[in-house]
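Have a look at the structure that comes next, please.
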Amino acid sequence: MNGPDDPTVNGPNDPMTAGRPGRRTWLVERRSRRPEQRTRPARRRPRLVGPLRVELRRGTAATTFPVMVGAGVWVLAVHPEDWGGRWSALASYLRMSMLVLCALMVAAGAWQAGRERRRRMDELLGSTPRPAWQPLVVAWLAVSLAGTAGLLLAFGGAAVLVARVATFADSGWWWTVAVGVLGLWAATALGVLVGRTVPLRVAAPVAGLVTYVGLAIPGYLRGSGWNWLSPMHDNLLAGRRLPEHLHLLQAGWFVALTGVLLALAARRRLAALLCAALAVAVALPIGTGPGPDRLRADPGAVEPVCTRTGPEVCVARINGFLLDDVAALVQPVLHRLAGVPGAPTRAADDLTQPDGATDPVADGTIWLNLQNQATATGEGVANSDWLRAAFHSLVFPLCLYRRGEPDQRVDQVTWVAGEWLLTEWPPTASEGRPLLAQQRTQETLLERLRALPEAEQRDWFGRFLAAAHRCDEQRLIGLGEELW
Amino acid sequence: MVSGRLLRLHLRARRAPTFLAGVGVVAVLAWIGGNWLASRPYFDGPAARIPVVTLAPLLGATLLAPTLGGADEELERGTPLPWPRWRLGHVLLGATLIGGTLMLAGLRTPEVFGAYALLRNTLGCVGLVAGAAVLLGARLAWVAAFGYVCAVYAAAPRQIGGAAGVWAWPVQPSAVGSSWVVALVLLVVGTAGYRRWGARAGVRKGPFIYKKR
Amino acid sequence: MTVGISATATVSVTGLRVGYGRRVVLDGLDLELTPGVHGLLGPNGAGKTTLIRVLATVARPERGRVRLLDEDITDRAALRRIRRRLGYLPQDFGFYPRFTVREFVEYFAWLREVPRAEVPLAVDRALDRVGLLDRADDRMRHLSGGMLRRAGIAQAIVNDPRLLLLDEPTAGLDPEQRVEFRALLRELGIDACVLVSTHLVEDVGTACARVSLLDGGRLVFTGTTEELVAAGVDGGSGDSPIERGYTAVLRGARAEQR
């Protein structure tokens, strides 16, 4: 014990005492240069629990957050028309984007849980007293929290845009979001299980891709009640809502599923069995229930809001922010239709249509689909071409085309009627292109029609509409020849 | 020249058996999935195979990623083998194996999101993976292709050709020329980079004591 | 060599047998360790690491009785109590490169169930003892090999273990660091039982009060350092007295076996 380099042994040392003479240290000179390090008391730390804080800062969570923000912003940016201006549409878009986001969370969870193997920590961890499920849960929680924060940041940005213009405060939209977040947490737990059990290096990306595919499958199996077990839904549309007990059941399902997955990852068989029993108990009433029929119109959301001046244009309250923009496009068309026998006199959002009705034109109303018309900022109409197409279909003699390919002159005269109806419609991108021979004929016919006195134009259009409804091919061709 | 036994050892060191088995599984799943999708009555036949055409090559390239680096890059580079040639061969062989196997899964109407698109996407994804291996190392080489293809697939652009032909090459019909150009450029750039520099060596201080000496 | 079981021993092992598959690594091993620094010597493959892994409660014995800190390791509740008072540094220890040194040690303080209120002090104290306090906020991946090893030692002593198991702790340390490390060992050995496995016989000579020598899975010598030196007085090869003792004991044990 008395070697030549025997130090002055001080017994259990007090590290807070400044450099004692004779005490051996590894870096004596550097330490004496930085005395503040020695006297620093136990630093005052944020009250966040130690290991969770470390995992959030240094684990996969630190990468998960920016990735989820980026992915969230990206999915929001590619289809703003699906969520703009409406709270429930934003919430259901969040569930739609679960396809991507859950896949990412599975990959993140697997990456985090594979760390002990990658870093060869199993040996050291095996000698520690803390039950193995605790570090596992902390790791899962860190990734889940970071992912959720990223998701909420991205969708929070979208919520600011929605809040500026939204015309209807839906009641249950936050249920959709909350259950989606629980689904995200279950996805992370799945990743943790995969990372713990699959020793492959590519376990994380492969698990992510398999989740991606797996979540897409219910979209292909139309109308099964079991689809409601997926965190991803592609049929939650604005203005409709799910009964609250289904949200509750889904929440219970995801919590139980998370329990099963984490218990399996921590190899707690009893806990896994209990959670599995709970999961099955919750899943049965969801799966055996009706499929898409679960959706009910939200009476407040679909209540019509109408223009006060000019021909009537109505939109559902949830689409109220679109009313001015839609009316500006549609009212000139309705003006042209005014007085034409059998023509619709008003236009309305098909959300305000009674359930089950699908006719594009009924009861003197032309029904417009406004689900994909919002822009991110809520200003203007995203796809005015689609509205234009709705009016084109008004003049389209569909019954003739159902019988077979009609005479080419029918195409021409139909086009002329449609263009006459949409004279005031703002020009679209396709205009100004060089014309084909057939198109030149059409243009000439249209110019002739517009050259007629106002009353004769209306009369011609009225006769066209009547012939189109009767599917009278000869009469339609005659109307074209009239203009030559 | 390298003997067959050494080649076998090298392939084992790079976990080639896992890769081959994985590609086989992916191809079988792609074939089953593609046929199932194509036979759904509510879709437009073979064109419904777009998820298969996008994801199967991505999976194949992901499986290739870990084979791009050895257990210790620096140790391998200290050996006198002509590594650039080996690396070039490695990527091209991998791309051929994935592409060839996956094409078998899309032989029915190959022009409508079938074999041709599978081949194009394989080339593009392998290029992305090889390029990412240079920048991020073999362990993380899957990240770029995974992120990019998932993002494009999620965006589901409705446009065909034009700008979408360039940025959304993995989901374009195989008749769009620009999508092939992009995929081939990715393959050439990725492979050339990998041939020149190889996979980035990871953190050298692994559980270190033995490596350190 | 039979060792009686006493109540004060920190480690007491009787009839220990461990094997991997059909290969038996340790057979019929008896060992008793009291507080103080113990050296564990032996040629490669003698079973040193396996013995330490058993004592670290990582490897499971096939047969035999292992009592640590007066409790039996087969009792689950006792096992958790034992692990709270156990420090372990494996030969090939992993780490998280993104963690800072402080976070790494803090994380292990949590895993070793140091009461939460004591964690900051315990971490600072452990880092101070291995001389890493001024590198505490550096990432693990920026540390040199020797510093990593010291970080590894810091995590092993953060819970003030009564039983500290160090497998090849001096590998990767430069001569000066080794000198300092031995000083730390002696300090730790005052109130804990420290078992150090090593190939470097001079580490044992200067830092350890007692030495055990393993060969072919059997304990062939246990006693004080002086006793090992004495065994080499007439015979054995080597450059230092303790090396001569080491080779002489090994030779004797192998001759006896034949």
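First chain written, first letter: the chains are A, B and C, and each begins at residue 1.
FYI, contacts are C-beta pairs under 8 Å (C-beta built on N, C-alpha and C of every residue); 3 or more make two chains touch, one makes a residue touch a chain.
If you're wondering where the values come from, they're calculated on a predicted model, not measured in any experiment.
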Those chains which touch subunit C and also touch subunit B: A
Chain pair with the higher count of C-beta pairs in contact (A-C, A-B): A-C
Farthest chain relative to subunit B (centres taken as mean CA coordinates): C
Subunit B and subunit C: spacing of chain centres that average the CA atoms, whole Å: 47
Cα-centroid distance, subunit A relative to subunit B, in whole angstrom: 29
Between subunit A and subunit C, centroid-to-centroid distance (C-alpha), Å: 56
Shared interface positions of subunit C, touching two or more other chains: 92-95, 97
Sites on subunit A at which at least two other chains make contact: 119-120
Residues within subunit B bordering two or more other chains: 207
Sites on subunit C touched by subunit A in the complex: 53, 56-58, 79-84, 86, 88-90, 92-100, 103, 106-113, 116, 119-121, 124-125, 128-134, 136, 150, 155, 177, 179-180, 182-184, 186-187, 190-191, 205-207, 209
Subunit B residues touching subunit A - in the complex, by the definition given at the top: 15, 18, 33, 37, 40, 42, 51, 55, 58-59, 62-63, 65-66, 139, 142-143, 146, 150-151, 154-157, 207
Of all residues in subunit A, those that touch subunit C in their complex: 1, 3, 5-7, 9-13, 15-16, 24-27, 30-31, 34, 37-38, 40, 42-43, 45, 50-51, 54, 57-59, 62, 115-116, 119-121, 123-131, 135
Of all residues in subunit A, those that touch subunit B in their complex: 71, 74-75, 78-79, 97, 99-100, 103-104, 107, 119-120, 200-202, 205-206, 208-209, 212-213, 216, 220, 222
